[in-house]
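Read through the structures below before going on.
You will see chain A twice below: alongside chain B first, and alongside chain C after that.
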Partner chain A sequence: MSAVLSIARAQVAVTLRERITLFWFLVFPLFVLALMTLVFSNVGEDGGDMTFEITLVNLDRPSPGGADFSSGIAEALRHLGEPREGGEDPLFALHVPGEDVEPHAYLDEELAALRVGRRAAVVVIPQGFSENAARAAFASGETVSSKLSVHTSGGRTSSDLAASILDQVFATVDREILTRLGLFDAGRSVVLARREIGTQGREFRYVDFLLPGVVLMGFLTAGLFSVPGTILFGREQKILRTYWVTPLDVPRYFAGFALGHVALCALQFACVVLLGRFAFGARVDLLQPVPLLYLVLAAATSLAIGFLIAAVARTGNAGMAIANIVNMPMMFLGGLFFPIGELSPALRAAMLANPVTYLADGLRASTGAEAGVLPPVATVAVPLAWIALCVGVAAFRLRLDEKR
Partner chain B sequence: MEETALRVTNLRKSYGEVHAVDGVSFAVPVGRVFTLLGPNGAGKTTTLEILEGIRDADEGEIEVFGQRVRRIDRATKERMGVLLQEGNFEPHLRVKEVLRLFSSFFRSPRSLSDVLREVSLEEKENAFVKTLSGGQRQRLALGVALINNPDLVFLDEPTTGLDPQARRNIWSLVTGLTESGKTVILTTHYMEEAEALSNAVCIMDHGRIIAEGSPRDLAAQLGRETLIEFVAPPGKEPSPESLGPSCKAVRRDGDLVVVETEDLVATMARLLDWSGTAESALAGMTVRQPNLEDVFLSMTGRRLRE
Partner chain C sequence: MTELRALLAAELRIFVRDKTSLTFTFLFPLLFILIFGSLMGGMGSAEGRRLGLVVVGGDAETLRTVVAQIGQLETTEYVAPADLDAAVTSRDVDFGLVWDGRTLTTVVDVRRFEENSAYEEIARGIASRFNLAIQGREPLVDVEKVVEGSGASADWLTRVLPGILAFSVLSAGLFAVAGHITSMKQRRLLDRLVVTPMHPVNLVAAVVVSRLGVVFASTLITLAAAIQVFRVELHVHWVRYVASVVAATVGSMGLGTAIALVVRQPSSAGSLANVLSITMMFVSGIYFPVEIMPAFLRAVSAAMPLRYMADALRYATGVMDMSPARFWATNAVLLGLGVALLPVLSRYLVRAERR
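Presenting the complex of A and B:
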């Protein structure tokens, strides 16, 4: 067996035999997946105290004395934005543009907010809606099309639920329009144009959002803790120096190390996906070429960051401390568990500097679990830049033995 | 003419103002056990680590089996086996897994079963490293050093910290190596180990070689004196004059009184007379020939293990 394969095999064996490493490598990701799915998967599904963030952009300007259906729709939505009987929270938190705000620019901002999960739906009443609706209602045929648009994000439970409620609201408005015009007929309706952002026509749940995040979390944890731990403690305990008196060279050692890391990540990935699929019914499909490439990129990025920590830390304990310090911000500012919402400029800058943000966005977008917010090129280029930076620093600073 | 396995010329290595190795030169013929002997900090391990390829020398030339090498390269390492003074194996690997791992680093490794048999670890092949005793770990380290059937074997303090039985086991393994024609470079601060195993000894102190030769030749450099040792309280020792002209010196080493003599019978008779007169019991009296410890002591005024 070649040295590279032997080192990889030894690394896998050691990791799986050491209880603490095994816990963090395998048990912890499964635990996080199970815990967060159980706790958060039902949020909003009963409509209980959930308040949906809805945006209404009314571009319709009815002519004086003409039909004004847009005001009725706006009024209906506003009504749903008021507290319910019994003091319960309102069903909708309605966002509308201020009078001095340019509505198209506002619409762009709100659609962006929808993409990152800060809005459940964006309703657009287009210019000339009332006029067209009145004209269409008198037209022959059973179904008349209007241009009312509801933008939803197909990958989110909250968005799907909001869309469902909006459908009911608009069906009521529809009946009201036809009734006012004296044209109500069970066979007639005004069909609303629903535009989904994200996967079309597939039912996704929180676990589908969470699963790629937990996979990435596992990779990140392995890279941040296992890689510097193996190198730094191996150096301190004089394990690595036994290699350097043999013909084994550093490139082959690292090749074996990287192969072992990828193999462990693959094992971890398999366990998380199996649990997600069979225990929690996840439907997100990560076993496609593009998501798999993102996963390889994620494993390589975590490996490189691990090398960077090993290069800058003097001791194994220092390495673990650094890993602890960077682990949490990287995970929670990378959108692994929840969509990144509104952030302060400083946190937003940290989020945009975080390679995990790009990996998570790219991975979810590639599976269709979530609409990508970031440019696809950036989701590959930024992690690659991080790999180059980390490997570059490690090449100069990483010591594999005492002073030589 | 004897083939030279290893030739070192004017080797130097400094750390700041400290000269860890200060112009060391020696040559080792094929099939011999060559020992670097000296106290802790003498420069033995640094010298060995340069020769093993772990450290780079500041100056000096190294020739391995007639080939001059600037650094110990991969081809040279294929012919070398190394047991490090400070080296460990992954505690969660099994004995045979460690050997398999290291065998993959070499082009022509030996069979694992041969190595396990040679270091008497067949019954422990499935044991985890963390469960091995100190002696078993050293035997595993020796097995790793021999996995490639090396021509040149470096053993850096292979018996430090081992119990007498484990030490004897390692000695017999080293003896077996030379019987199979291998060249062994050994470091130790155990004088008896150097005497038992070595064809040639190089005594180092403060990074320099202070004496070199076979253990017998080195001891002979002290002359033909015999040493008589006994325990006596301070102030209760004979003067050299009282023991006659064959007595060369009387010195004290803690509670131990050491008498150096050229004529054992004559000096012993005088010593017994003195014992009766001085009412000293000559407790724990032994008679012996000078050894490497005495050589080191005579050259540095210190003991090897001080």
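Presenting the complex of A and C:
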């Protein structure tokens, strides 16, 4: 037993002493958690705290006494150009031509500004807009419509976001016009509501989704890199041979190695959870029996995959290259950072073969914060099958230079 | 010249033998495109979205007609809202609509936060048309969308591709110094080299030239793969492309030099370069738009060279318009950074290691 503990202690000590290992093992998961939580802290809020540079060129000149619908649109956009609740910057910084400016020349200048990213969108209400809208409202049996155009800049997200907000504004224009003309029965209007599912009644926060993912990422990285690194470089540098001239045997070496790995995973887990909870207000509770069992399963799976890599790679460098190649697809196709939506058949197959997919889903569902997407049995059975496969292959192929 | 040629051959040989560097340089950009292209390729578009529909109120046929008019949606009808919830949860459909005769409820899986705004936009469009249709009205106002500039047809992957290329260039340049050279220093290889007649400038020149070759090969392979596999449409302006890649590579090596000079232990330079490159990747608008980030991160983003490298490459590949003055100024600054700092690297090579 003392030999097992010594090996475990040695593994922990080596990891904590080596700067590079320490960085990837401890600093990197904390860094990813902090960075991604900050990056996505605005997600779900239309436009977030951005102010979009919008130009409105209203070429409509309604005849005196005629209907004027364009000024209503201009007013709605002007309203979005006022400071938001709480004194925040307005959603739109609205640019309109001055009284003495020729509107067509102004429009050309603004479209040029739009192309190079100085404007997010340019809205043009053409001449005759109100007249055409009124005609369309009273037209019977014929399709007549009044056009307005929204110009956006290709390849720019700010432009897409601005267009999306403008869509919301323009979605109500028809109704406004018909109401003003007395042609819309407000009593029969459709009420649009929104219902969220997937979080079992709790408020969704990205950090609660991300935190279990980062914990699993840390476990996976530790298994994928530290196991082949220790075994393959240990073999190359003949460190393993020095073990085998002592009374230590292979099973006890592996037991110590696994214990050290689990201890390091526990340390990593504690750091990630503490940062998530106290710095970013994460509320997901991983310290319950079932989530903890999933975490043990995750540590065992990552350890087993690490042994598989050590078994198939011939050199330490090759092992690191294989670990690098499989690490990224496993993380991103496992839904550690983002939920997985629709995928091509090949990637869907890869996602369904990936043990991380099952561990992430099972872990999140077991906290009670989210509804699981996959059958609960599969979230345990698939990682176990991977462990069996990896251990089986490693048992046949892994060379430890143990023959004396 | 012979000395430079020998060093250049050695540099290329070292690179080719280093499997991890090869993986990062050639395979990673392709993997990024493959995975992110599939994961987020349809982000923001209505095309091919799967809608689950439950109609328990009147005007059912009107609603079905409106949904069909929206087009590009694969619609599946469910009998009860609970069935729809199960389908949304298991991702058999992307989102749902429940009509009870008065309220049209959009059902979204809140965990699909990166796509829900697109679903809600589709739902608003349906509600708006349905609102008119049940009163026997057609839409009065046709909102025409006009996309200006060279990136008119740029979908998510087309926009992301130049960013991936820029990140490849940054990594190759950064790690050529804050990885490769610092590692040579730590392993005392430089100590052996500097006692030969080799001039340090020749070593720097060999590293720069070899990395430029590697970067061109890597970015061209990535471009070709994206065009062939994902049918990405790019209009590459080759003069601008070459200028951007050269300036970005040399500028990144300048940044690598700054890291090597700042960090006390050569081995820590690689870790710092990793932190810096990953931070830049996340906040420079490579995969996630800068516009979705909070204000302070947008300010951080504005200080990141990768953001400008990516913009320059977007312009060079015809994905985005930019004023030519800004493009050349960006490249001049990046090139200037490298040209100013690379001579310092020559001195670093021959300097005794700090302890």
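The criterion applied here is as follows: the second predicted complex is superposed on the first by the 242 of 404 C-alpha atoms of A that agree within 3 Å, B and C clash if a C-alpha of one lies under 4 Å from a C-alpha of the other, contacts with A are read in each partner's own complex, and residues count from 1 in each chain.
Rule of thumb we're sticking to: contacts are C-beta pairs under 8 Å (C-beta built on N, C-alpha and C of every residue); 3 or more make two chains touch, one makes a residue touch a chain.
Every value quoted in this text rests on a predicted model; they were computed, and no experiment measured them.
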With the two structures laid over each other on chain A, which partner does A:115 touch: chain B (first), chain C (second), both, or neither? second
Contact-wise, after the overlay, does A:246 reach chain B, chain C, both or neither (first, second, both, neither)? first
Regarding the shared-chain residue A:344, is it in contact with chain B (first), chain C (second), both, or neither? second
Which holds for A:329: it touches chain B only (first), chain C only (second), both, or neither? second
Tell me the contact category for A:164 with respect to chain B and chain C: first, second, both or neither. second
Just chain B (first), just chain C (second), both, or neither: which does A:308 touch? neither
Please name the chain, chain B or chain C, that touches the greater number of residues in chain A. C
Could you look at A:67 and tell me whether it touches chain B, chain C, both or neither (first, second, both, neither)? neither
In the superposed arrangement, does A:172 touch chain B (first), chain C (second), both or neither? second
Per the touch rule, the chain B residues reaching chain A in their complex are 15, 52-56, 74-75, 77-78, 80, 82, 84, 86-90, 92-93, 97, 100-102, 104-107, 128, 144, 148, 154
Taking the touch rule as given, give the residues of chain A at its contact with chain B in the complex, in rising order. 1-3, 5-7, 10, 13-14, 17-18, 237-239, 241-249, 401, 403-404
In their complex, what parts of chain C are in touch with chain A? 18-20, 22-24, 27-28, 31-32, 34-36, 38-39, 42, 44, 48, 50, 85, 88-91, 94, 98, 102-117, 120-121, 123-125, 127-128, 130-132, 134-135, 137-154, 158-159, 265, 267-268, 270-271, 274-275, 278-279, 282-283, 285, 288-295, 297, 314, 319-323, 326
Okay, in this complex, where on chain A does chain C touch? 19-20, 23, 27-28, 31-32, 35-36, 38-44, 46, 48-50, 111, 114-117, 133, 136-137, 143, 145-158, 160-161, 163-164, 167-168, 170-175, 177-178, 183-185, 188-199, 204, 206, 209, 317-318, 320-321, 324-325, 328-329, 332-333, 338-344, 347, 370-371, 373
